[in-house]
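Okay, so subunit A shows up in both of these, paired with subunit B first and subunit C after.
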Partner chain A sequence: MKYEVITKEDFPSFVNGLLSEIEVVGVKMKEGKFHYDKIKSYDELCLDYDVTLIPPKKYLLPPKETLLKFSLGGAIQVEPSIDATPRVILGVHPYDIKAIELMDAVFSDSNPDANYMERRRNTVIVGVDCRNPSPNAFCPSMGTDTTETGFDLLLTDIGEQYVVAIGSEKGEELLKKHARTREATEADLAQRKAAQEEALAKYKLSIKAAVEEIPELLEKNYDHPLWEELAAKCLSCGSCTMVCPTCVCFDVQDDLELNLTAGERFRQWDSCMLQGFAKVATGENFREDCTSRLRHRYFRKGNYMLKRYGKLGCVGCGRCIGACLAEIANPVEAYNRLKEGS
Partner chain B sequence: MSEKESIYLPMLAELVRTEGLTERERLFELKLRNGDELGHKPGQFVEISVFGIGEAPLSISSSPTKKGSFEIGVRTVGNVTNALHRLEKGATVGVRGPFGNGFPLDRLKGQDVLIVAGGIGLVPLRSLINYVLDNRGDFGRLIVLFGARTPAEQLFLDELALWRQSKDMEYLETVDRGDENWKGNAGVITTLFPLFDIAPEKTYAVIVGPPVMYRFVIAECRNKGIPDDQLLLSLERRMKCGVGKCGHCQINNVYVCQEGPVFTYSELKNLEEAI
Partner chain C sequence: MKPRLAFFDFTGCEGCQLEVINFEQELLDILSAADIVNFREAMTERSDDYDIAFIDGAITTERDVARIKEIRERAKILVAIGACACIGGVNCLKNFYPMEEVLRIVYGESAHYYDTIPARPVDAVVPVEYYVQGCPMTQSEFVKVVKALLAGKKPEIPNYPVCVECKMAGNICVFEKGETCVGPVTRAGCNALCVTNGRICWGCRGLVDDPNTDSEKEILAKYNLTPEEIIAKFRMFLGYSEVAK
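For the complex of A and B:
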């Protein structure tokens, strides 16, 4: 991997240079919380944040997305619809980069999803190492506090400068074009490592099992009473899935305009925690009770996705812990409980 | 497939014939607008669009040996199926697919085939039955068991009449509750099992019906000595995409639309959520 260094003084002109040629979304502060949004200038950008409310997933798999447009007046006409606006996502934390890598695996697998793939191809990821993790985060337990892959550029704050890891040619070109940088020295890289270690020490939560143990830990505990205990308090509201960076399930519906001729087919985020998720038209519901839904979510994250895509479905961001209305969505507590009981 | 081609874009098809099967089910014969064959295998499914209403996964009922068009048999249960029933000949619908693995024809060739159809489970199985009849020399015995709740709920009456007379197959039927005109067997489908003998080592059972039927029929098949990996079941699940993305059809780590909908009982017995 190649590393460059850019001073904090020079950094704004890099961002403004990007803004001159492409849409840039970055992290902004809003009422004490953080969220991704389009930025107009460097001044709006926040690079030192703990976690955003919603992951950058929303730019790759929008909450609601048109798949087809059709017209029903006379001969039926149907056109695919793909919005792949070129865009830089600036300031993505490593755990969210890992989640995007998982999404890439899901949507490129066997039947490539053109809507996702086109958008992904037109998206530049500029990551930033997290300096001040959220109190709910447990990234080190999942091996996602840092990353060597999945980004075009990755910044690490080393005081007056950023070390920039170069992850792709596209990233390197943008950096060359818009930033004044110098090659990183051994000393810079040592500082980068020290900064990452400093952040590592700030994480408050950890799982007592090694990440490799998780799939088997779940398999051994399919009938553990924990699932029923958690389900007894679960509201089946789907909040945990709405904030999850690796939840990719969707529903598909049609919508007709009032003229009854123009219409669209769209997909929108769905949640396996909602009661009707596995219900078929005849009324049969294959995951009717909350226990089976809650267990399914844990198994999907900690076992099924690994089997299918080679990557675990949890990146330790802790958003579900913060979003859960019943205060039960806590992978750390769940895995620790299973580990203690095993 | 090119990555730039949308996997969600349906082909257009014309409804060339529709026929009432029962009070709740209709048969629809569809022809792709581009003149192509659907190119399916028995046991596969398609996603059918009624534009403006939505899309639903539906079993293909015709055999691929029937060229030029294909058929689906549809019960009115939801928005899309109700809208389909309102369509008339000449209407345009969308078709994506065929999807899923279908019945393993290669494994069935040269073997005895025992078909167990419960209610509208006959819709996808009709595709296989007609395929076997059209390639009769490739298969051993063909035994078809069909159970409906009442005589009025029997579908494909013309074909049933032919099957009763056919020398190419052994056809047994029952209804849960007969009426004054019903002279045949009465009782659930498992009551047909004492009525025939099989050579279990070369018999494959292909079972499609309502979820409740499976565990009882599986027990009967095992009683007759059919090995678990020769019991084939087709499973119904909610499917929004058909291409392994939307997550709705998952049974534990299995995507029914990708690895299924046809599974052997050996594959299913360790999947907690399967049946």
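For the complex of A and C:
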């Protein structure tokens, strides 16, 4: 990998340069929390944050999106609808980059998702290593505290400067065009490593099992009383999945206009934690009881995704831990309890 | 033939009927697909010949009981609109006092001219086919139900909590801001209107089908609400349901 260095003094003009040619979304403050939003200038941007409320997946799989428009009067007309505005997502943490890699795997599999794929092609990811992790994060356990893949550029704060890892040609071009940089020296790279290690020491939570052990740990404990115990408190509110960067489920519906001859097909986020998720047209519900829904989420994260895509379905961002009012969506607690065999 | 629609109001603030009148384009579209034959708020003509009856307001007197039964007999389809009609709504606040006291508080000296019974939703008296929840009723859901009726389909009404829409809107949960709400057991469909606008969810859209109210109560207690405060929270709109007893 190639590495460049940009000073913090020069960084604003890089961002403003990007803004002159493409939409840029980045992390902003919102009532003491952080969220992704469109930015108009460098000043709004926050690069030292713990975690955002909603992951950047909202730009690749919007909460609600029109898939096609149709009209039924006379000859039936169907027109696909894809909003794939070119944009840079700026300041993505490594765990969220890993999650996007997983989304790429899901949406490009067997029957590629046209809307996702086109948006993805038009998206540039400029990541940043996380300096101050959220108290709920457990990235080191999942190997996602930093990443070597999945980005166009990745920044690491080394004090007065950023080391920029170049992940793609597109990234390199944008950097060349809009920033004054110099090649990184051995000393810069040593500082980069030190900065990453310093951050690593700040994580508070960890899973007592090795990542490779998790799938089997779950399989062995399919009938563990833990699932029922947690489900007793579950609100089936979906919060744990809505905020999860690796949750990609959606529901497709048609919306007819009042004239009943034209309308649109749209999709919106869905969740395996919701009561109706596994209900089919004939009325049966494959996961009617809350226990099976709750267990399914853990299995999807820690077992099914790995089997199907070769990647674990959890990147350790800890968002679910913070979002669950019932305090039962915590993967660290669940895996550790299974590991301890209690 | 166009279906004939009728609107009837019972005990409520008429806010829901106003919501219907407040439609602009949609109302014209509805009128081109259906005939409105009875709507006290909007027209003088009255007809007792209708297919679909929209009911707003709760049932709070013996006269209401007789009247809703009569409407039920005439209508092929009955749609409850608004919290009062769907779940009883704020009217049920009075159910926690003796009825004589309620009459005295409201009518004073002339209390003996009036009768009143504990407030109840429409479906506590007659069967209801469809519901348009909310206080006032959620406009987009009203349109959704009308469209489904015209197309002869079942409307897609969410059976998941407001939290889903809160997250989709990118809201910060009010529990993280030192407040509490009953959104985790309340039926979504309003796009988390109140939280998105900086307030809390009071549950005006009623409970989801299988709410975990025990867990919700535990959570409210964990966030330092007293048992009385918890009950009060549920009584605002959900007074008719078990959870508020």
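Criterion: the second predicted complex is superposed on the first by the 340 of 342 C-alpha atoms of A that agree within 3 Å, B and C clash if a C-alpha of one lies under 4 Å from a C-alpha of the other, contacts with A are read in each partner's own complex, and residues count from 1 in each chain.
One rule holds for everything that comes next: a contact is a pair of C-beta atoms (placed from the backbone, for glycine too) under 8 Å apart; a residue touches a chain by one contact, two chains touch by 3 or more.
Since we're looking at a predicted model, the values are computed, not measured.
A.B. asks: Please name the chain, subunit B or subunit C, that touches the greater number of residues in subunit A.
C.D. replies: The partner that reaches more residues of subunit A in the superposed model: B.
A.B. asks: On the A-aligned overlay, A:286 touches which partner chain: subunit B = first, subunit C = second, or both, or neither?
C.D. replies: A:286 sits against subunit B, while subunit C stays out of touch.
A.B. asks: For A:45, select first, second, both or neither according to whether it touches subunit B, subunit C, the two together, or no partner.
C.D. replies: In the superposition, A:45 touches no partner, neither subunit B nor subunit C.
A.B. asks: Looking at A:308, would you say it contacts subunit B, subunit C, both, or neither? Reply first, second, both or neither.
C.D. replies: In the superposed model, A:308 contacts subunit B only, not subunit C.
A.B. asks: On the A-aligned overlay, A:6 touches which partner chain: subunit B = first, subunit C = second, or both, or neither?
C.D. replies: The answer is neither, since A:6 touches no partner chain.
A.B. asks: Thinking of the overlay built on chain A, is A:238 touched by subunit B (first), by subunit C (second), by both, or by neither?
C.D. replies: The answer is second: A:238 touches subunit C but not subunit B.
A.B. asks: Quick check on the superposed pair: does A:253 touch subunit B, subunit C, both, or neither? Answer first, second, both or neither.
C.D. replies: So A:253 meets both subunit B and subunit C here.
A.B. asks: Determine, under the contact definition given at the top, whether A:325 touches first (subunit B), second (subunit C), both, or neither.
C.D. replies: second
A.B. asks: When the two structures are overlaid on chain A, which partner does A:268 contact: first (subunit B), second (subunit C), both, or neither?
C.D. replies: After superposing on A, A:268 lies in contact with subunit C but is clear of subunit B.
A.B. asks: What residues on subunit A does subunit C touch that subunit B touches too?
C.D. replies: 253, 256, 260.
A.B. asks: Show me the residue ranges of subunit B that touch subunit A in the complex, using the header's touch definition.
C.D. replies: Per the touch definition, subunit B meets subunit A at residues 1-10, 12, 49, 51-56, 75, 77-78, 81, 92, 94, 210-211, 236-238, 240-241, 243-248, 250-253, 258, 272-273.
A.B. asks: Using the touch rule from the top, collect the residues of subunit A that touch subunit B in their complex.
C.D. replies: For this pair, the touching residues of subunit A are 67-68, 70, 72, 75-76, 78, 80, 82, 106-115, 117-118, 222, 248-254, 256, 260, 263, 265, 267, 270, 272, 277-282, 284, 286-287, 292, 296, 299-300, 303-304, 307-308.
A.B. asks: Please give the residue numbers of subunit C that touch subunit A in the complex, ascending.
C.D. replies: 26, 29-30, 32-33, 143, 146-147, 150-151, 156, 159-161, 163-164, 166-170, 172-173, 175-177, 183-185, 208-212, 215-216, 218-219
A.B. asks: Subunit C touches which residues of subunit A in the complex?
C.D. replies: 30-31, 33, 35, 53-54, 58, 63-64, 232-239, 242-243, 253, 256-260, 268-269, 271, 274-276, 290, 323, 325-326
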